Structure formats: structure tokens, C-alpha cells
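Sharing a structure here in C-alpha cells format.
Labels A, B, C and D are assigned to the chains in the order they are written; within every chain, residues are numbered from 1.
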Amino acid sequence: MTLLPEKLLTGYRNFMAHRYANETMRYKQLADQGQTPETLVIACCDSRSAPEIIFDTAPGEIFVLRNVANLVPPYAPDGEYHSTSAALEFAVQSLKVKNIVVLGHGRCGGIKAALDTTSEPLSPGDFIGKWMSLVGPAAEAVSANELMTPFERQTALERISIRYSLKNLRSFPCVDILEKKGRLTLHGAWFDISTGELWIMNPETGDFLRPDPEEVAEAAALE
Amino acid sequence: MTLLPEKLLTGYRNFMAHRYANETMRYKQLADQGQTPETLVIACCDSRSAPEIIFDTAPGEIFVLRNVANLVPPYAPDGEYHSTSAALEFAVQSLKVKNIVVLGHGRCGGIKAALDTTSEPLSPGDFIGKWMSLVGPAAEAVSANELMTPFERQTALERISIRYSLKNLRSFPCVDILEKKGRLTLHGAWFDISTGELWIMNPETGDFLRPDPEEVAEAAALE
Amino acid sequence: MTLLPEKLLTGYRNFMAHRYANETMRYKQLADQGQTPETLVIACCDSRSAPEIIFDTAPGEIFVLRNVANLVPPYAPDGEYHSTSAALEFAVQSLKVKNIVVLGHGRCGGIKAALDTTSEPLSPGDFIGKWMSLVGPAAEAVSANELMTPFERQTALERISIRYSLKNLRSFPCVDILEKKGRLTLHGAWFDISTGELWIMNPETGDFLRPDPEEVAEAAALE
Amino acid sequence: MTLLPEKLLTGYRNFMAHRYANETMRYKQLADQGQTPETLVIACCDSRSAPEIIFDTAPGEIFVLRNVANLVPPYAPDGEYHSTSAALEFAVQSLKVKNIVVLGHGRCGGIKAALDTTSEPLSPGDFIGKWMSLVGPAAEAVSANELMTPFERQTALERISIRYSLKNLRSFPCVDILEKKGRLTLHGAWFDISTGELWIMNPETGDFLRPDPEEVAEAAALE
């Protein structure tokens, strides 16, 4: 009887031999004192864009919500189960994070599905269809522009979706209030799987730009 | 203007200098050919239990859904937005993963909230309260036993919740059918933040046990 | 005529050839000067959890009471025969031990019997049924939670029973007085037969934790 | 905070490093398959006469009841808590042991207390006084013989007590029946702490004799 996929068991052995061995005290402290992450990252489930890898974080540094296409639905206090809103509420109200980063990425399967209106539902429940309908109007608008290539259309929708999620984040009263008080900052970023580049959203213009190497170096120097 | 929290910028520089530099070909290939992860991991948002770290995975290996307390709600094809069900559908039907791992962990804030019936909602929407009410009956059953310590009660509910999520996974027709055909295997695991130990669920009894070191070594030898 | 089971005779020959041969002086001294054990261990009769083996003790170090499920009944000066209370009184008042350790263990047959309410008495006297009824209310509370596995329920009751015995120990005036004077310390521990692990009770929370390897090493260094 | 007496922590480390390390498979098997000891040993709590040491037993070989002076009270199905009877019932009826050994020893504190009629109770509950009153008439008879030295009187009562316990064992219907059917054998033995000698009771005469060295060697050869 295989209790876990073998790759994961082997990986776990590596974790214990290296990472945990090196950071034992940190793990013990995090267990005793609880987590105090300063940042909530909302990322995609995609196997190629794990925030802990891309940001090379230590345990305890980022609280991470992951769903398909890193979407935040609009505020809807309707008594239904909302896993995204629950994670957001916990991060902001209980953990009191100072930053929220919506991290999108290229070649996103969810965004691709939103643009592909000809395909059949994946299953009778059509959960992906419904979930991606959150960006349905945006997908339609992007699709209408036949002068862009399919690749360009997908990148465009990936970035529009990040701005859409940031807008929805602000529809939550607690986010809106804390941001206005200067106690919470919202960020957008987009990861290029192929080149490894991180494009960061300019909060004023909404444009995605690669960070100035000097700024990165400066941040490193401040550490 | 700080575009991203400085820690994340520095971390990203490390990622580019080390991980991406070492795995450039893998990233490029994953971008060109798309992802083919064999395993869906359903994990908690907690900043101390990132699956990519615990399983020391390479990019492309695991598709990761993260919500508070790694819960899977029961199958409900009601046309509402279900981020968990959407990710599940995408992983099983589109990516055709072979394994699903529900990864819980100790000292889970969501589970603690479920057991604490005296606290106020975190915000008027009470999203955490509603979300954790998925395991409300189990929390009540656990709380009824006052002879267990709070820590013991929490561990008990953390493990009951993993079994609950596995049961709900099987309420999805696609999961049920593929598991019965032997094309999909479900697993439960629980990570001890303090000791770094991974307790794996025995699928027959539901008990959580640490993997036999020999089995781990064997898995490593098979690599 | 076989005077003793052969295994015991052979074992006794080994004892004389090795242990007694190596510790002759100690045995002679202990015979001449009497015993002065510093610790009373209250353990289970189980053949797999002998305190002298688990704690690798020398002769004379621990005074050992063993009954089914290592239970201490509440203080009851009623003039009846109480073997547990007699041993306790002798250890505390006559030998003046400084520590009492209640040592439970996993897969305890007595605890299992307490949780199994459907079985017939083992004999008309039903001595086990009556003896285990000491933890009857706790067994009921544990059994009420059907979401835990049988194994989890048994572990829970094993640990609750240790806390119960510690509480009853404190119902003996001599224990209570000496503990308050700081001349007697009470401990709880639980032995995992399968892994060999010893889980030690935190006296403040009642939780069972494995001892920090560093603390064990430190104790060794102090020897 | 010291969770356990340091000596025990150090001893436990030795156990893990040597005994458990050497017998890991046996412990795992005993945990998986349960215990099947062939012998119940009824011994004294005394710190100098641990049956596992004297008989050099492996884990799982002997089920061990220990009370002050290794006494078995007479059969009394009165609905009270009887720890000795409970252990006996469990060993005979559930584990189906083939042998019962009552193991007494020299310089027994309990027996000494029974012979000392001038001393005060150890505590108001006088649990030792009550417990040792089981052999009160025998103690009186022995004390009446002023021609024996105190040491001789004590040895005499230690051996009378073993025969008394064996008689009481036979008052339990299950013991009596199984012994008559030849499925259970009763033994008496007395351990001399100073010399390490084991004196074994001849079941026909009740005399205690040192085992014939040849018989011990023979038993060893049969292994």
C-alpha cells in the first residue's frame, strides 16, 4: 500500500534533511508563537507558479490563497460558502497583514478556458465555466479584438483579471478602510513562466512593468 | 513608490539568481509544453505549510489549491461560484492528475476558529464563520469531550476535517468514477509545524501515522 | 517436574551471567542498606511496557506499581484492601520518593476494554469491567465522538486516563501536601510501543509531547 | 521546567539507542499483532526485584502485576475495585497465559511492616496496614516463635506469603478450573537480592530450593 505518491515521499525526505534541518528553530518558534505573515498572496493553482518559490520566502512569511486564475470575487455577504472571502477576511482581520499581492502568470489554463467559448464543460457541474464567468465580460471584450494574436489576447486578459481582482478586493469594507488609513497596501504582479520575469503593476496606471534592476538591488541592500 | 514589499523583491532576486538560473530549461519547457502535474494538493493558506516546501517539489510537479483549513465542500452543482470545486474539476478533468492529497497541519487557525464558539465574527460578512461551519457538526462533537485538552481537541478536529474533505471529494462524480477505475488515488496527510513531521493517513482505517523511514528510503531509491 | 517455565529459567541464567555479575556490589549494597528509590512509577501490567526497560534503570532506582491500565483510584480511606493506595502510601511516606510518574502506553488492552461496551464480562466476577469502570465516564465521553477512528479514541482515552490518575493522586492528602511543599513532583508519560517513543505530559496544559532531543541530551550531559 | 526526572530521561535515551534500536522489529510486531505473553508474574513493587531484569525477558514475554509484597487477595466478587483480581482475570481469561509465577524476595518492606506491630500507621488511611493485614494471622504465628531471629522470621513470612497467594489464586474459579485441566501451571519463587539467587518453590512440598544448575543448563540447551 502506497500511502503517498513516491515523489512526494522522497521530496519530504529532502525537506527534512535540508530545509527543516536548517530552519528547525524557526519552525519550532513559528509553532509556539503562531504565524505573523506580513503579506497575503493570492495566486493561481498552477503547478509552475508557487509564490514561495518565486519569492524565495521563509516559512511564516506569506499567507497564500490559491485558486484557479487567482481571482477575487466581489464582496457578497450572502451567507454562502466563499473560500476566497474567508481567506481574505482571516488574513486582513485576524492576521492583520500589511500587504496583499495578486500574483497572476502567463499561460494560465483558467484564463485560456475563459477565452475559449467553443469548448464543452469539463463536467456536468461546469464549475470551471462558472468560476471563470467572473471575468466573462472582460473575456468577451478581449475576444472581440481580432487584431491581437491569441497569445496577446491571453496575456491581456491575464492582466485585466489582476486589476479586476484588485478592484473586487476594494469592495470588501475592511480592505477599503484599511487601505485608506494607509495600513494595507495592494499590489499586482504577473509571472512569466518561460523567462522567469516578474512584471509588477504600477498602481497608478495599472501597467505591468519589469522592476528596475536597481530597485531590486536596493531592496536587497536594505535587508 | 514601492511596487512590491521589499522582502518579496529581494526574494525574487534570489529566485532568479539560484532556482531559476538552475532550472531555466525546465521553466522554458514547462512554458512551451504546458503543465502536466500528476498530483493535486489541497492545502491550507497557512504561511507555515507550503506544499512546495514540504514536498520539495520542482516547478510543474504539483497543482495546488489553498484555502483556509484545506476544506473541500460537498458536491453542489448549483450554479454558484465554487473556487474549490473549480480547481478540483480543472485538475481532474483537464490536467488528469493521478493523485489528490489533502494536506492539513497542526495549529491551524481556521480549525481553532471552528472550535472557538465564543468569539465574535471577524467582520460583518462572517466569511470565516460560514466557511468553517462546513465542519461545524464535527467541531461540536469534538468540543463535547471536555476531558481532552484544547490542543488535543484541535488536533482531533484537524484530522477529522481531512477525512471529511476526502469524503466530500468522493461526492464529486468524476472523482468517484476515476477512483473506482483505479485511475485516481486519494490521500490524506497532516504536517506538524513544530517537529516537521508528516503524518500520513492510512486509507483503510483513517488513522494518521508517520511514514515508516524505510518506506521513505525505498521511495528515494526508486527515484 | 518443571519448576519454572523454561524461558524464565534460561533468562535467569543470563541475568546471573551478565547483569548480576556486573552489578554484584550494587545488589549486595542494596540488600544491606535497603532501597532508596527516588521515583515511584505507576505502570501497566502490559508485557510490552516494562518501566525498567524503557527507562533503562539500575536495580534500586525505581519503585514500581503495576496494575491494568496504570490507574490510581480516588482516595478512599474506607478500611478496604487497596493495593494501589498501599503501594502509594509506602512509596511516599516510608521511602519518601521525590517523583511519581504515571506511565501509560499505546494499544492498552484495559483501555480498549473500557471503550468496548458490547463485550461480555471475562468472568462472572467481572473484575476488569469493574476496575475499568473507574474511567467509565471518560470512556463514554470519548466514545460519543464517532468522527474519531477507534485508534484515535483509544489514544485519547489512554491520555485522559493518565490525567485522571494524576488528579486522583492529588486526592491523597500526603501527596497533595508534599507536592505543595515542593518535595514531590508528579509526572505523566505515554509510551508508543510501535515507535518506542515516549510522550511526556506538560504539567501545565496536560498535553503529551515528545521530549525535545536537546533536553534529553542535556539530561545525559548532567549525569 | 523538567518534564521527567533527569535519570529517567537519560535512561530513555539509552533504551532508544540500544534496546529499542536492536529490537525495533519486535516492538513493531508486538504493536501490530498485540501481546501474547505466556506467563503472568505477580511481583513486588520493590525497586530491586524487577521481573524483566531477573528473568532477562524480551518485550512481550511476561505480563507483570506488581503490588506491595506480591500478594493475591482471596476471590471476592463483591463489585468493589480489585486491581489484583482485575489483572489476574485479564491475564487468564483474555490473554490465556499458561503460567502464573508469584515472585517474592528477601528484605521485603511490606513483609517487614506486617511483622512490626508496634509502628504507627504511615498515614491516617493506613493503606499499608490494611493491605498487609491479608497476611496478619501468618505474621502473628511467625512472631510467636521467638526462637527464630528477626531475619529468619522475615524470610519465613516472605515464603509463607507466597504459598498464601498461590492458595488464593486457586480460589478464583477460572484459575482452579484451568489448572485442573492442565492448561495453567502455578509457580512460586523467591529472589535473594544480596546473592542474586532465585529459590524456586517445590509445588508438592512447598519448600523453596535453589534450582539445580543442571536443570538451568538444560533449559538453556532446549532454547
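Convention: contacts are C-beta pairs under 8 Å (C-beta built on N, C-alpha and C of every residue); 3 or more make two chains touch, one makes a residue touch a chain.
In UniProt terms, the chains line up like this: A, B, C, D = Carbonic anhydrase.
As the structure is a computational prediction, the values presented were derived from the model and not from experiment.
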**Q.** Between subunit A and subunit D, the fewest steps along chains that touch one another
**A.** 3
Q: Quick one: compare the interface residues of subunit C with those of subunit D and tell me same or different, with half as the dividing line.
A: same
**Q.** Per Cα centroids, the chain farthest from subunit B
**A.** D
Q. Per the centroid of Cα atoms for each chain, what is the distance between subunit C and subunit D, given in Å?
A. 16
Q: Averaging only over C-alpha atoms, locate the centres of subunit B and subunit D and give their separation in whole Å.
A: 53
Q) Viewed as a graph of touching chains, is the assembly arranged as a line, ring, star, complete set, or other? A) line
**Q.** Which pairs of chains touch, using the document's own definition
**A.** A-B, B-C, C-D
Q) Which of the residues in subunit B come into contact with subunit A in the complex? A) 1-16, 18-20, 24, 27-28, 30-32, 34-35, 37-39, 45-48, 50, 52-57, 59-68, 71, 73, 75, 77, 79-91, 93-95, 98-99, 101, 106-107, 109-110, 113, 122-128, 130-132, 134, 172-174, 185, 187, 189, 192-196, 198, 200-204, 211, 215-217, 219-220, 222-223
**Q.** List of subunit C residues in touch with subunit B within their complex
**A.** 138, 141-142, 144-152, 156, 159-160, 163-164, 195, 205-207, 210
